[in-house]
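Two complexes follow with chain A in common, the first pairing it with chain B and the second with chain C.
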Partner chain A sequence: MLKRKFIILVVVCLFLVVSSITYAESTEKSGEITIWSWDPNFNIPIMQEAAERYAKDNPKVTFEITELAKADVEQKLHINLASGVTAGLPDIVLIEDYNAQKYLQSYPGAFADLTDKIKFSDFANYKVGLMTLDGKVYGVPFDSGVSGLFYRTDYLEKAGYKSEDLNNITWDKFIEIGKKVKEKTGKAMIGFGLDDGGLMRIMMQSAGKWYFDDKGNVNLSNNDALKEAFKTYKAIVDSGIIKKTSGWSEWVAAFNNGDTASVVTGVWIIGSVKADKASSGKWKVATTPRLNIAGAVNASNLGGSSWYVLENSKNRDLAIDFLNQIYAGDIDFYQKILMDRGAVGTYLPAQSGAAYSKEDEFFSGQKVYTDFSGWIKAIPTINYGIYTYEADAAIFTVMPDVYSGKISIEDALEKAEEQLKDQINR
Partner chain B sequence: MTEKGISRSFIKPRDKYGWLFISLALILLGVLLFYPIVYSLYLSTMSSKGIVQKFVGFGNYVKLFQDSMFILALKNTLTFFLIQVPIMLFLALILATILNDKTIKYRGLFRTAFFLPAVTSLIAYTILFKMMFSLDGFINGVLLNVHIINSPIPWLLDPFWAKVTLIIGLTWRWTGYNMIFYLSALQNIPEEIYEAAKIDGANKVKQFFYITIPLLKPLILFTAIMSTIGTLQLFDEPMNLSQGGVTSATIGPGNSLLTLSVYVYNLCFKYMPNFGYAATVSYAIVLIVALLSIIQFKLMGDKK
Partner chain C sequence: MKKNYSINRILVYVFLVFTFIVSVFPFYWMVAGMTNSAVDVIKGKMTFGNQMLSNITTLFTTYNMVRILLNSLKVTGFTVLGILIVSSMAAYGFQIYSSPAREKVYGLIILFMMVPFIALMIPLFRLIVKMHLLNTHSGLVLTSIASVFIIFFLRQSFKAFPYEIIQAARVDGAGEFRIFFSIFIPSMKSSYAAAAIYSFMASWNAYLWPLIILQTDKQKTVTLMISSMSSAYFPEWGVIMTAIVIATLPIIIVFFGFQKYFVQGMLGSSLKQ
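Let's look at the complex of A and B:
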């Protein structure tokens, strides 16, 4: 009796094993890929587009794209990774480039090594660099934050400047132009928040520098680029060419309402610039101003993010295959997201596509995306390190005293460096 | 049967059932409250980069005194505590006294109006304040129009004014809440005391200082301690007043709104995640709250 039961059991087991093997061989890829991301106007619809394209070829693959606020994605990721419970984690997650090394170094083994899975030579250099740790590459590069100087041609013409006058300029020249604009039109040249580190980052990266040196040591007080950036910040404020804003919406409103003549920021702002339809045809884009020091170039970057696959996720290999097929292979996909969302990818083969060379009515017929993809190649590669946000906080804590002239730039940098070292030496 | 006999035969099984009934609550308390408290104490002896941890013993506590960012957060928090709490409690007392006066018309309406801010969402009101206090916002518009000021006040752009804005916001949100406590206590003060005082020639101001305040002392102590805890844990308001920007680097201009709780959040989620050090700062908050509460008890409590 017992023997017969045993034989039946063995037969059943064998049957199951054999059938599962043949099953796996005979069917196409299937499973559900879960994704965490932020921004319902940018990353989410772009991911949905990518998912649709993949699902067309692989109908058995479904997607669950969860939309969260950026801070919430980061918070959830930290909590789940720190607790060691992988059940709550998605297959793919979006991580901001400035934070990439922080996650990679804080949670070793948490992200899938993609070095041999993706052809990284097809992507912009600086982008691959920031997701590399110990010679291994952990992400799939996504959008670029290549920066540019967006400006109102009507205001600048009134002040007596033509397009050529704005390309390849220094920040000193920018301030000089700004004063003229203020004088002739009464408009501010630029708007930003006094505690906003965005421009500081653009300035520094244009000079190939960061808050840290290549080895990750704090580099504030002897950092020429940073010193020059401080001077420029103060000069912009002192010269009165700035409209001071607080927070994102005021900042966007400043250029949408025509209160400022220019915006210097990442290419991802295009959608917001274009939101003001009345000013169509009055905008153009020039190269990013550079710092007045040796080695600085007229190209930089602000922001941008990339996709990462969780090592212990349920459908890891499927997720990698998906990213590889769409984000590292579908040129048509990149044309579509560029046209629909103004998303400039860092996948180089896509940049010879039709959408990239289109003339844009809004920007007075300028081929803006051809220009931006040219500038991408000139962005200096730097190591953002793992303490960018700490450094930002240290610097902008002393900044009010610099604006008011209470302390010199040298003393401020000294103070910030001391504070930053205190904070990260633990 | 003696009384002792009764208790022996009855209380024992009752004890058993008692323990049984509260066991669920006790287990939940243990798992969700006591365990985290003990675990975070253990955590505060670690220094971590995400899951890469190392034991540092009291190192984190020593570091607190060298960390200028922590000291700045502590300074800011204490500033809010020392300025905002007294203003708010005093205002609440005055409002409660006025609204307790039976001769005032539409008392219910005024009471509701003053209490209403306390039911609004912290985030909603902070965002509203941020809009109203922007450089070309409503407040500056009004002040400019009635010629109180000549140039707009940089409410959220200057370290000093940012603090002022936060204090105004906090006072608006919480005064009515404290007022309700005082109002309920005032109704327990017998009318005769005031009548007697009146006959003795004490005016309203004297009545307020010599009758109302001394009789409300226990409640003032209670609200003071509650407000102390609330201020020390201040989080939503500074976070939302400062959030935004392309990459807003600090909490308010020059980190002027950085509070201890926001610092704990930053240590976990914005900066390199150091849960160990964050736990240390949390313990520092607990210690400070305890210390301030003891001082308040000593200052205001009855000397029995």
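Let's look at the complex of A and C:
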């Protein structure tokens, strides 16, 4: 009797084991996830790392990551979406944050609604805001362009300034320090192109403003943050603390050559700063200077991009699962990409990890990533609208006359607003 | 008088040396960049460095260079061959056979040269998708073998070919294809060489159309690869320069190899009467 019961038990157990195996097999995920992305030293290897991690748990899932130039990804995406053909579209595509709304609004229904699929409260606020349309969230936030004031400690010490003197300052104070640096060391305080809008966008976002208001209407002539940013641009140029550069390479060369004492830009510049090994130990990072108006904070952002899933792609659900598991769940993954590639994610739980609290010899032992993680949370959330680059272009057609003093800042803003409205028909 | 002449001469040479430097400098800078690290290129270093080996190694380990070069060669080779056959036959047809509608049709085709490619892009893309040629090299080759410019260019040079020779061949009983392949082509070699060089360069450097229809890294051509390399927070300029040097070599080889014909073909027919 006991023996019989034992046999029955064994049979039942066996049955359970076998059925669970077949059950597991039938739900095992499989398919090929195709991805379009750019940057062979950043996004591509990071995506490869993510793919490897996912494939370890899901061996039947393969990845096809296509490396393209950023402009090329945009071009291809436009052609595919505009032609209404879905055959050529990937499952996942990288889109620059400034352009996100352009795609979301121009091609309604083209991107998968991820509102209930991803836990967005784990990500930095400003990042979720820019990919939200009509209350729905369409992307998975990726790298941050949280900005900082990178400076050469040796030059600033010569001018009599310590690290504390650079944290939480206004742009007016920055210019004052710059004059002293110029006087004592002969070096320019900052380098940028007179037609480059990067710094202006940093200034504006630090005050929680943009070229457009929350509803997407053009907001130039009555924009106090923009007015202050214009003033600051002009003051920097007039005070002679600037080294004028033209184009990306000259701009990078200016600080790599030690011609400028500081650079204010996104955290992603770290790779370029560190590329000049000779200046190791001579750099530090402080908070972004703020505009001298109410509501401005010492935190801002420049650039950054995020992943989007195409609604009609072949393996949409698999792609969402992949992004959810790695980009919205794998803390160790974020440590690895920070160490290997200097990529600062916007996934907040990852920022208590070991890699984020490491001291960096290059920055005189400063825990730079701990600092940046703190600043990320303070970045004001704004709506970038869909014409950021068009606005940039309109602004910089009037800037030469502002620099030369030919027209007042108010008139210049008015002129730029008119021009922008003409161009985008609003 | 003689003195004047030599001063002119000196001025001419000064001018030539100046233009030589201006046109050769980018090539020098490209080769020098190939031997430097990214930071040195950014800093504007003009002299040769010692990073060439590491740049080449990085290039070949990060990218499947051999496959990408073979892709480019394959596409370019078939395109050139296709253009030489299809477009030259069209040009020959327009020049040799007369028909009342000939010039009207020709004019219409020439008109297509004026339509910018951007305007054709989306319909052409849809067509390629319908034909299931998306992400294939055939999609690239098939769309470029009927080249309006080459038809125009070849017809201009074919005008110099004496029609009497064709009539004589017909009298001798040669078929139309035989006349074309055995008599016409051999005597128009330099025009064909010029057309070959032109279409080789155009196809090797083609960028927009390959970008649109090639979807995966496996199918990629060399122009797409180079374009993607510089789109970065921290571009590896030394490696990019290495890739550009490698991509430029075939053009230099083809150009200098056929230079004699190229000049002849551009100047007109080589047929001596």
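One rule holds in what follows: the second predicted complex is superposed on the first by the 399 of 426 C-alpha atoms of A that agree within 3 Å, B and C clash if a C-alpha of one lies under 4 Å from a C-alpha of the other, contacts with A are read in each partner's own complex, and residues count from 1 in each chain.
By our rule, contacts are C-beta pairs under 8 Å (C-beta built on N, C-alpha and C of every residue); 3 or more make two chains touch, one makes a residue touch a chain.
Remember, it's a predicted structure, so these values are computed and weren't measured experimentally.
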Fit-or-clash call for chain B and chain C when the two complexes are aligned on chain A: fit
Touching partner for A:T397 - first (chain B), second (chain C), both, neither: first
First (chain B), second (chain C), both or neither touched by A:N257: second
Partner chain in contact with A:G198 - chain B first, chain C second, else both or neither: first
Partner chain in contact with A:S249 - chain B first, chain C second, else both or neither: both
First, second, both or neither for A:A71, with chain B first and chain C second: both
First (chain B), second (chain C), both or neither touched by A:G345: neither
Partner chain(s) touched by A:P40 [first = chain B, second = chain C, both, neither]: second
Touched partner set for A:D422, first chain B, second chain C, both or neither: first
If touched residues of chain A are counted for chain B and for chain C, the larger one: B
First, second, both or neither for A:P141, with chain B first and chain C second: neither
Chain C versus chain B - closest C-alpha approach in the superposed model, Å: 5
Contact residues of chain A, present in both the chain B and the chain C interface: 71, 75, 82, 84, 249
Chain A - residues contacting chain B, complex: 71, 74-75, 78, 81-82, 84, 102-103, 105-108, 192-198, 201, 244-251, 265, 302-303, 386-387, 389-390, 392-401, 418-419, 422-424, 426
Complex interface listing, chain A residues touching chain C: 34, 38-42, 64-72, 75-76, 79-80, 82-85, 87-88, 90, 249, 252-253, 256-257, 268-269, 271-272, 275-276
Complex contact set, residues of chain B against chain A: 47, 49-52, 56, 59-60, 63, 66-69, 72, 130, 134-135, 154, 156-159, 242-250, 252-256, 266, 268-275, 277
Footprint of chain A on chain C - complex, ascending: 38-39, 42-44, 62, 121-122, 125-126, 129, 134-135, 211-213, 215-217, 224-225, 227-237
